[in-house]
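Some structures are shown below for you to check.
Look at the two complexes coming up: chain A is in both, with chain B in one and chain C in the other.
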Partner chain A sequence: MSIFSRIVERLFSLAAAGSALLTIAVFLLLLYLALPLFEQGGFWALIRSPWDPGAGLYGIYPMLIGSLSIAFLALLIGFPLSLGGAFFITCFAPLFLRRHLLNLVRLLTGVPTVVYSFAALFLLVPFLREHLTGGSGLNILGAALMLAVLIAPTMIIFFVDALRRVPSGYLQAVTALGGSPGQGLVYIALPLAWPGILNGLLLGLGRAMGDTMISLMIAGNAVALPGSMMDSARTLTAHIALVIAADVSSLEFQSIFACGILLYLFTALLVLMVRLLGKFPKRSPG
Partner chain B sequence: MNRFGELLLALFSWCCTLLLTATVGILMLFLLRRGLPAFDAALFFGDTPPLAALLLSKPVFDGLFPALFGTLALVLLAIACAVPVGLAAGIYLAEYAAPAPKRLLNLFFDVLAGIPSIVIGLAGFALAIVLHRTFSGRIGHCLLLSALSLAFLVLPYLIRSTQNALEAIDPVTRRTALALGASKLQNILYVLLPNRLADLTGGVILAVGRCAEDTAVIMLTGVVASAGIPNSLLRQYEALPFYIYYISSQYSGPEELQRGFAAALVLLSLCVALFLLAFFIQRRLKERLLYR
Partner chain C sequence: MIRQFAKSNFLTACLLAASFLFSFQALAGDLDLFRGYKGAISISGGTAHIPVMKEAAKRAMTANPDIQITIAGGGTGVGIKQVGEKMVQIGNAGRKPTEAEIKQHGLVLFQWAIDGVGVVVHPQNQVQALTFSQLQDIYAGKTVNWKELGGVDRAINLYTRDQASGTREVFAGKALNKGAVSPRANVVVSNGAMKTAVANDPYGIGYVSVGHIDSSVAPVALDGVKPTEDNVRAGKYKVARGLYSLTAGEPRGLVKAFLDYLFSPSGQQIVIDKGFIPVR
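And then the complex of A and B:
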């Protein structure tokens, strides 16, 4: 083997290992800057206490709840929508529409989030303010609605992929037995495709938790613990974006690294769950 | 499931699809209606003559030009950093890695792909703090830091698209050159990569789109509302997505707001154009390879 190819191959492996190490380095960097919090034993207290700078409390509990409630509400709205969309593309749509619809959905995954939030801020928010929720119109409901629209294309692509991977012979057998396409979908395709669907759901949750611009611009960023979905709330991601200007050594500032660590761990947990899902034994239709 | 249930299911999927497309359609029409009237040379160049602005001989004060320039510089830098590393890592994963390390690396890249962009931005920000503590010099928030963070953000997508492209090559194509006596590296460089050029290019263009649209990363690593054209990599800069965000919170009058709508339209068309480009390159090259 020539020296040239040896060098190039070494470079390939270095690139792979380096990228993987960077993934760990990011976590270590966040941990290093959050270290003062650990030393004071304040990390867990920080996660559980409220945000009240006047009383010296810089807890991120309200942001955690804000993030979780917005993400899960978005999923609650977005999941049925995406499932319906995926059913439509795989089963009910006229044949000539299916491919174009899927391409449109792919296109929608590329729409910038800041564009969505900008449009929603001047269209959805005034609507909510005047007709539905009152107040400023900046609340959990609006953010969750927009997030649902944002994550739906990603979920639809995963759902369609999962449904299409069901062997076509099974569905042809349904047709041969006199079953309708809808019956094939509900009794054969759906039970076989559920790991893929759960996979898409988890990734949708990850996107919803990790999104910054929509919650920053539409959720209102109030630091109080939200009581209902008409309340405005601040998410972990928005908190990072908002506090960045504070003094570097303050406790207020260090709280954003706690947010970063929480988001990182949440992501890793989701990925591990998706992994475990992949190991799930494939059930044959019985 | 009886006929009624089936009908209900079909109705449900029709409604979901219509609702989704209608929502997105309404939002886009709204943007078009509010943004289109603002499109003219002044939108991009303000009061400066366009030619002088393009040649960078005169600064542009209230136009989108500095933001567009910043986004362009940012994307070029980030892609120039990310593409070599992403391609190399993807090739390693697809062609060289043994099963056990491959599983581990896959896990890492899945985590990396899932990390929210604001956390990547925070890491870039943290890096700047650490560098500042160690060298206490002029290393801080700047174009270079943003570009590096963005490169890191799109790295997993590039790795994945390269890996998937290479792994989809059929065994006959894969073995022909090897059987003729080519080395493994020759096979990769002269057969496998050219064979998948369309997919690789498509992946890179989609990564460009992601770099151009991301706001959270650059917000934390050096973008500012007005900086003009940066004259070095270590300067702060303007960028289109941040301009849109800034206008949404700080606009002073209807005219400025309309410029925000126009900027959103520009960014949207940029991303759509990039997507369509990737789409057609992938399809066009595929057809050519098929019918040759």
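And then the complex of A and C:
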């Protein structure tokens, strides 16, 4: 090995170690800053109580519920859409279209979320207000719809990737037996590609949970516990953005670290699940 | 969230500056404050201040291309915090900082305008006059339908501002008399966002800096007094506050020049042009 490639290798491993350390350092910093909360046993109380600074309550329970309901609703809307999109791109679209469609989807992953939010504010929100949900139109449903649009391209790319890895011989065998392409997809490709699809699903959920701009602009940010998807709600991420300007030593400010830890743990859990899924043995077609 | 970065092509800027120097030298008297300075100022905080800040910065940078001024929003809380921690040179506040804040960061206050906080609704809303107690009931979530106030049979959509907002503190203190704001109220992050939200929602009610009120929203009279510039100036409209710029310690050099410019006749004219009440 030449000196040059040795240096390059060293540089790369340093970069990898650096980013890994950074991730751990962020978590340790969050823990350190939230330490006063843990010591007073306030962390669990914060997670379970409502937000009412006037009454001395700085709980983030409504935001936790807001985040979870928006993210899971987005996944519920986005998953069938993305699966359908991936089926179309891998199987049903005319051959010359497939590559262009996939490129288009790749392009969509790069659209800044603020652009989606801005468009939704002038198109989706008035529609929801007048025809569907009433109220101000700023609610969980609107944010979830936009988040579904946001995470769909990511999921489609993962799904397409997973479906394409299914050996083409299996699908040819289906055709040889007189099966339709649809049957091959549902009975052969889907079960084989399932780990990859689950992977995309979890990453989509992570992205929906971590997004700030869409929920900040579309969900309404009310601090009340949402009762239905027609209600205005605030997510953990939007809460951080809205409270960060409070006095550093105040309890309001400390609640931000509780939000941060929750988000961190949630993302870590998702990544862990993705890793574990990768270890599963590939099921052979039975 | 509103960020304005001004970068100009050096050559064009020079030519522009040169042409200004030759043709408008007589008019540019107050801009002489910036002569000979070089460098950058960053400003953040109150969102009511932004129109005036942007115009003043634009003029300063046109007069002297060696100066770069960036303006960010964030709200009063952000302004006080960032100037205190020396992340920016000037922090804007839409309320008077508390004694504790002044002492903690060694803040120096410059109040260069007076502003009202006006209640606004959608221009099509028939309800354009309220009493203070009606307003308090609306914001407390006790009055929930426009019908109860003589409007259409639709739920009232409340809009309020985030914790960092000086506009919110002034509104809650002087218009709501420290009354509660319903937790169901939607929260927006700047005066501009508030105006957009109410302009787009026929059943919404919100509050903005009087300088930000234009034809896209309708001002609501409180106890018979409309939130207009004239009423604020005459002292008839009581929900008013000063607009402050803050520095950590006495300002020097370019920062001082910029603040002096705000108090100069041309600076105060910008204040008037943008719909605020000048202090000089």
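Please note the rule applied: the second predicted complex is superposed on the first by the 273 of 286 C-alpha atoms of A that agree within 3 Å, B and C clash if a C-alpha of one lies under 4 Å from a C-alpha of the other, contacts with A are read in each partner's own complex, and residues count from 1 in each chain.
Here is the rule we go by: a residue touches a chain if its C-beta (ideal position, glycine included) is under 8 Å from a C-beta of that chain, and two chains touch if they have at least 3 such contacts.
None of the values given here were measured: they were computed from a predicted structure.
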Compare chain B and chain C by how many residues of chain A each one touches, and report the one with more.
-> B
Which holds for A:Ala189: it touches chain B only (first), chain C only (second), both, or neither?
-> neither
Looking at the overlay, what does A:Phe122 touch: chain B (first), chain C (second), both, or neither?
-> both
Can A:Val166 be said to touch chain B (first), chain C (second), both, or neither?
-> neither
First (chain B), second (chain C), both or neither: which does A:Leu242 touch?
-> second
State whether A:Gly18 touches chain B only (first), chain C only (second), both chains, or neither.
-> first
Quick one: classify A:Ile70 as touching chain B (first), chain C (second), both or neither.
-> neither
Do chain B and chain C land on any of the same chain A residues, and which?
-> 121-122, 216, 241, 244, 248
Could you pull out which chain A residues touch chain C in their complex?
-> 50-54, 62, 121-122, 125-126, 129, 134-138, 216, 220-224, 231-232, 234, 241-248, 252
Please name which positions on chain C make contact with chain A in the complex.
-> 74-78, 81, 154-155, 157, 159, 162-164, 180, 182-189, 196, 200-201, 203-204
Contact footprint of chain B on chain A as seen in their complex = 1-2, 5, 8-9, 11-20, 22-24, 26, 29-30, 32-33, 80-85, 87-89, 91-93, 101, 103-104, 106-108, 110-123, 149, 152, 180, 182-183, 185-187, 203, 206, 209-213, 216-217, 237, 240-241, 244, 248, 256-257, 260, 263-264, 267-268, 270-271, 274-275
Interface with chain A, chain B side, in the complex: residues 1, 5-6, 9-10, 12-17, 19-21, 23-24, 26-28, 30-31, 34, 84-86, 88-89, 91-93, 95-97, 104-105, 107-112, 114-123, 125-127, 129-130, 152, 155-156, 159, 183-186, 206, 209, 212-213, 215-216, 219-220, 241, 244-245, 248-249, 257, 260-261, 264, 267-268, 271-272, 274-276, 279
